[in-house]
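The first chain written gets the first letter, and so on, giving A, B, C and D; residue counts start at 1 in each chain.
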Amino acid sequence: MIWEAPPYRWPHGHRAAACFSVDVDANSPYLWEQRAQMPGTLARIEHRAYGMRRGLARMVDMLDSLGIRGSFFVPGVVAEDNPSLLPGLVARGHEVALHGYFHELVGDITDAQFTEALERSLDLFETQTGERPRGFRSPAWEMTPHMLAELHRLNLWDSSLMGHDLPYTIGGVTEIPVRWDNDDAIFFKFLGAGDRPPRSPLEIGATWRHEAEAQIDDGGLFMLTVHDWISGRAARIAMLREIWQDLADNPDVWVATCGEIAAHHATQTALEVAPTLPRAVNERDSR
Amino acid sequence: MIWEAPPYRWPHGHRAAACFSVDVDANSPYLWEQRAQMPGTLARIEHRAYGMRRGLARMVDMLDSLGIRGSFFVPGVVAEDNPSLLPGLVARGHEVALHGYFHELVGDITDAQFTEALERSLDLFETQTGERPRGFRSPAWEMTPHMLAELHRLNLWDSSLMGHDLPYTIGGVTEIPVRWDNDDAIFFKFLGAGDRPPRSPLEIGATWRHEAEAQIDDGGLFMLTVHDWISGRAARIAMLREIWQDLADNPDVWVATCGEIAAHHATQTALEVAPTLPRAVNERDSR
Amino acid sequence: MIWEAPPYRWPHGHRAAACFSVDVDANSPYLWEQRAQMPGTLARIEHRAYGMRRGLARMVDMLDSLGIRGSFFVPGVVAEDNPSLLPGLVARGHEVALHGYFHELVGDITDAQFTEALERSLDLFETQTGERPRGFRSPAWEMTPHMLAELHRLNLWDSSLMGHDLPYTIGGVTEIPVRWDNDDAIFFKFLGAGDRPPRSPLEIGATWRHEAEAQIDDGGLFMLTVHDWISGRAARIAMLREIWQDLADNPDVWVATCGEIAAHHATQTALEVAPTLPRAVNERDSR
Amino acid sequence: MIWEAPPYRWPHGHRAAACFSVDVDANSPYLWEQRAQMPGTLARIEHRAYGMRRGLARMVDMLDSLGIRGSFFVPGVVAEDNPSLLPGLVARGHEVALHGYFHELVGDITDAQFTEALERSLDLFETQTGERPRGFRSPAWEMTPHMLAELHRLNLWDSSLMGHDLPYTIGGVTEIPVRWDNDDAIFFKFLGAGDRPPRSPLEIGATWRHEAEAQIDDGGLFMLTVHDWISGRAARIAMLREIWQDLADNPDVWVATCGEIAAHHATQTALEVAPTLPRAVNERDSR
């Protein structure tokens, strides 16, 4: 139990920080789910294709018009299938970072496969952009001690965990924390019968605005995560524009990329934790 | 990755388009689900019968009073069991189009069965209305390359996919895109314990209005899809009337049928895509 | 397909009707679910006991203060275990009607068991109140041709089906229709992990008010159904009081019991339907 | 069937009571679920760690600034793993009470194991705080006759059941009732794909405020239950602060701990019930 927050300071006298992050999944989670053989049907393919056809460009235009640089997490296969994606983002000044090669879910792969996917993604990004990416976000936001050790070995920051409102350090890796509450997929993703109906952008916009305001009052980080084919729709972009216009105009808020936040983190006294699992109940002393 | 939207122009100087479409399913999805033998219970039958008894007539009255022509997608069996349905819609100036014969779900049937259902529906429509229908919408909005090839062969437009905000062309077929977000069933359908409780027409009406406004601002197509027995209820019609009154009064908006939009599409430079499935992960080159 | 609504007239120049109905289930659905042997745990028992301890009395007090007589559907076992329930309701001027003996679900019992439960309930009601009940509502709102034949034989009206906005006649039985949309359980019932979280009384109150207004505008029947242990909570009663105060004050609205509506129905030209199941797909002529 | 509420009086002329209760679960439900062996993944561990790292301290700061003493229910293992937790809460004037040792779910353990967990927790609390706790809340709010007998033997009040709006007595044990409707977990808990998306603090805050107002009007008890790692987030604390500021300022409301309410209960004529299960349907006399 920690009774006091870390004495964190944001740069340039800002009171809080905000980051617009995009998980550019496109069809990669579906490719992974159907990795043995693709079904012969087109509805999901067309639905997800929306991001690369229209959604992501609309999102980037919105950010550019607000002067906000976003952090775009791109699975290797999405960069491979869309070779103008990474160069186009970098040319517009945005940050690109790693998100698995095939959006591999952690529970489906071995430690060695994780490492291979990470290194293969690093190589692809360097080839396509001429620069080595500096950060990583785990597909579906799962994490293991092995993954953290690899991120540490490769000197990558991470943005996948929820253990604080402020950046922290886990296993020596800088963690820029995320929140399910500030993720678009859990509210808006709908792929057919059986899924939960999407929530209104009006409701979620009001909720995220409230969340951002509370984080600013509290001096924390407001990290938003959206997806190309989900939030690239016109009504959601209209909602996002309203929120981020206000954040960009707010002198209390440092709107920054994950990479900028990670670089700043090195100057702060922050929470440091070990990636240790609690002992299981059955391993504890009985009375 | 496409960085620019197609240079689409709507007719008569309109900035955007809107289409009121109705999937007149009546009891056909339940008939299909229970196609081997009908259960001996009446609750679902009576619930769904509401559309043909009252809901659809109220919906048509609403459209007629606003001077809006809708696009009604009718499974063959619904036309067969309700012989005054297609003639009554046509007499009132509305468009009727195909929606399977028994609302057959794509995953339940062979390619040959799809073709048979399509041709049988075409014949029934011609017999009942004296005209050949020009368009098709897939039950549950699934699609296959075979289906697109058949639609192309029969010179039918389609309205089942979600790959863009604007009409596009897929496998040579004109696609008038739909959206789950603008479908009434996912928000309002409730058939008994286990289903998700219906959302408020107040909330969904505000959401659809916001969606329509964003599409208009963006120059796209606002396609709404409702069902006879779901949105024919008085409170939902009251909500729909408010939205569509405003759309009908808005000089920026071209309120049109799918068929009118498909005819206009032939004059535009638009996105053209092939109905190709991405390669499966396991079929890609390993490193 | 019916293109015109029946020429229904409400009495005394009223434009529409409204009925406050209560399914006084108490613990009976749980007793039925666990009919072989009760689990040894108390949480659900205590939760459902709320209705007989406090909720129903608060609901009756609210109705009495508004001068509204409600229709209370009571399973036999609830009347048996709470012998002051039926006499207390009748003494306050409310209508009591049948709702199964053990809240038997239609799919769990034979035709003969349905008849036995119905007759046993009739006897119990006569014993406890001195009067024969005139109407029935099916547990979980399921129905069969046999049930309708039995209701017809015993000269009971029914209130379980959703085939119209107006009372209608099915198999010779007067049907006072219900709606899932106007049922409290689907929005508010929550019995533990795995259930859907309850909706806000603020939201549902606004939705029901909107629904009632639309039904009044349309000249139909606004039938609300609530449960003793669900809507007897203070915040829900506060919400219900606001809606029903306005309905009671509205000269356009005839606030009546199911029995009064059923009696009026005999004077009207209304929809009459047979309790016939549609032919199954596989029983229809192939092409 | 009880037609009248008990003649309950709150102290000092207050019209109603309100209690801010916290189930300090931290990672204990996950430890219990995975009691055989902990999975090797970190996402849930980090997510739940938020409470002990930041959430609970923010919550306590909020209560302290409003001058409200809360009732904190702490599983033994959480106190064991966070030795400054109980002393810190007691030092700030809050009440601490029992909540199982490993957050054992009632259905997973024997009567003897319940007793052992209860006594082991009592000992731990005495060791860490120097005082014997006076009350208990069951993990997941389940209850059995054995548990009530043990609470009675050890002279502990309980706060786990939903049988009334007012405190009552069951099996000789004072019951300070809870409500699912006023629990944060069912609205806000989200741990990954498959869970229901969290509701907005704006919506739930308005709902709880409405609930509190209705309970006050009715003279009952408004019991709120929150969790360290769920409602410790900034936006939820902002919402809670607004509600509880108003409750603290309202002269009609007695803001009290469970222990204070239990002590007051001894002075009142209240509902007394036996912890008796109803007879099963199959054990009842057939006709």
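The criterion applied here is as follows: contacts are C-beta pairs under 8 Å (C-beta built on N, C-alpha and C of every residue); 3 or more make two chains touch, one makes a residue touch a chain.
It should be emphasised that the depicted structure is a prediction, and the values quoted were computed from it without experimental measurement.
Where chain B touches chain C, under half of the residue numbers in use are shared by the two copies, so each contributes mostly different positions. The greatest centre-to-centre gap from chain A, using C-alpha centroids, is found for C. Averaged C-alpha coordinates give centres for chain B and chain C that are 35 Å from one another. In terms of their C-alpha centroids, the spacing between chain B and chain D amounts to 49 Å. Residues of chain A found to touch two or more other chains are 196, 203. The residues of chain B lying in touch with chain C in their complex are 27, 31-32, 34-38, 40-43, 45-47, 49-50, 52-54, 56-58, 77, 81-82, 84-85, 88, 102, 116, 120, 190-193, 196-198, 200-203, 233-235, 237-238. Residues 1-5, 106-107, 140-145, 148, 160-165, 170, 179-181, 186-187, 196, 199, 203-204, 206-207, 210-211, 213-215, 217-218, 220, 271, 273, 275, 277-282, 284, 287 of chain D are the ones that touch chain C when the two sit in their complex.
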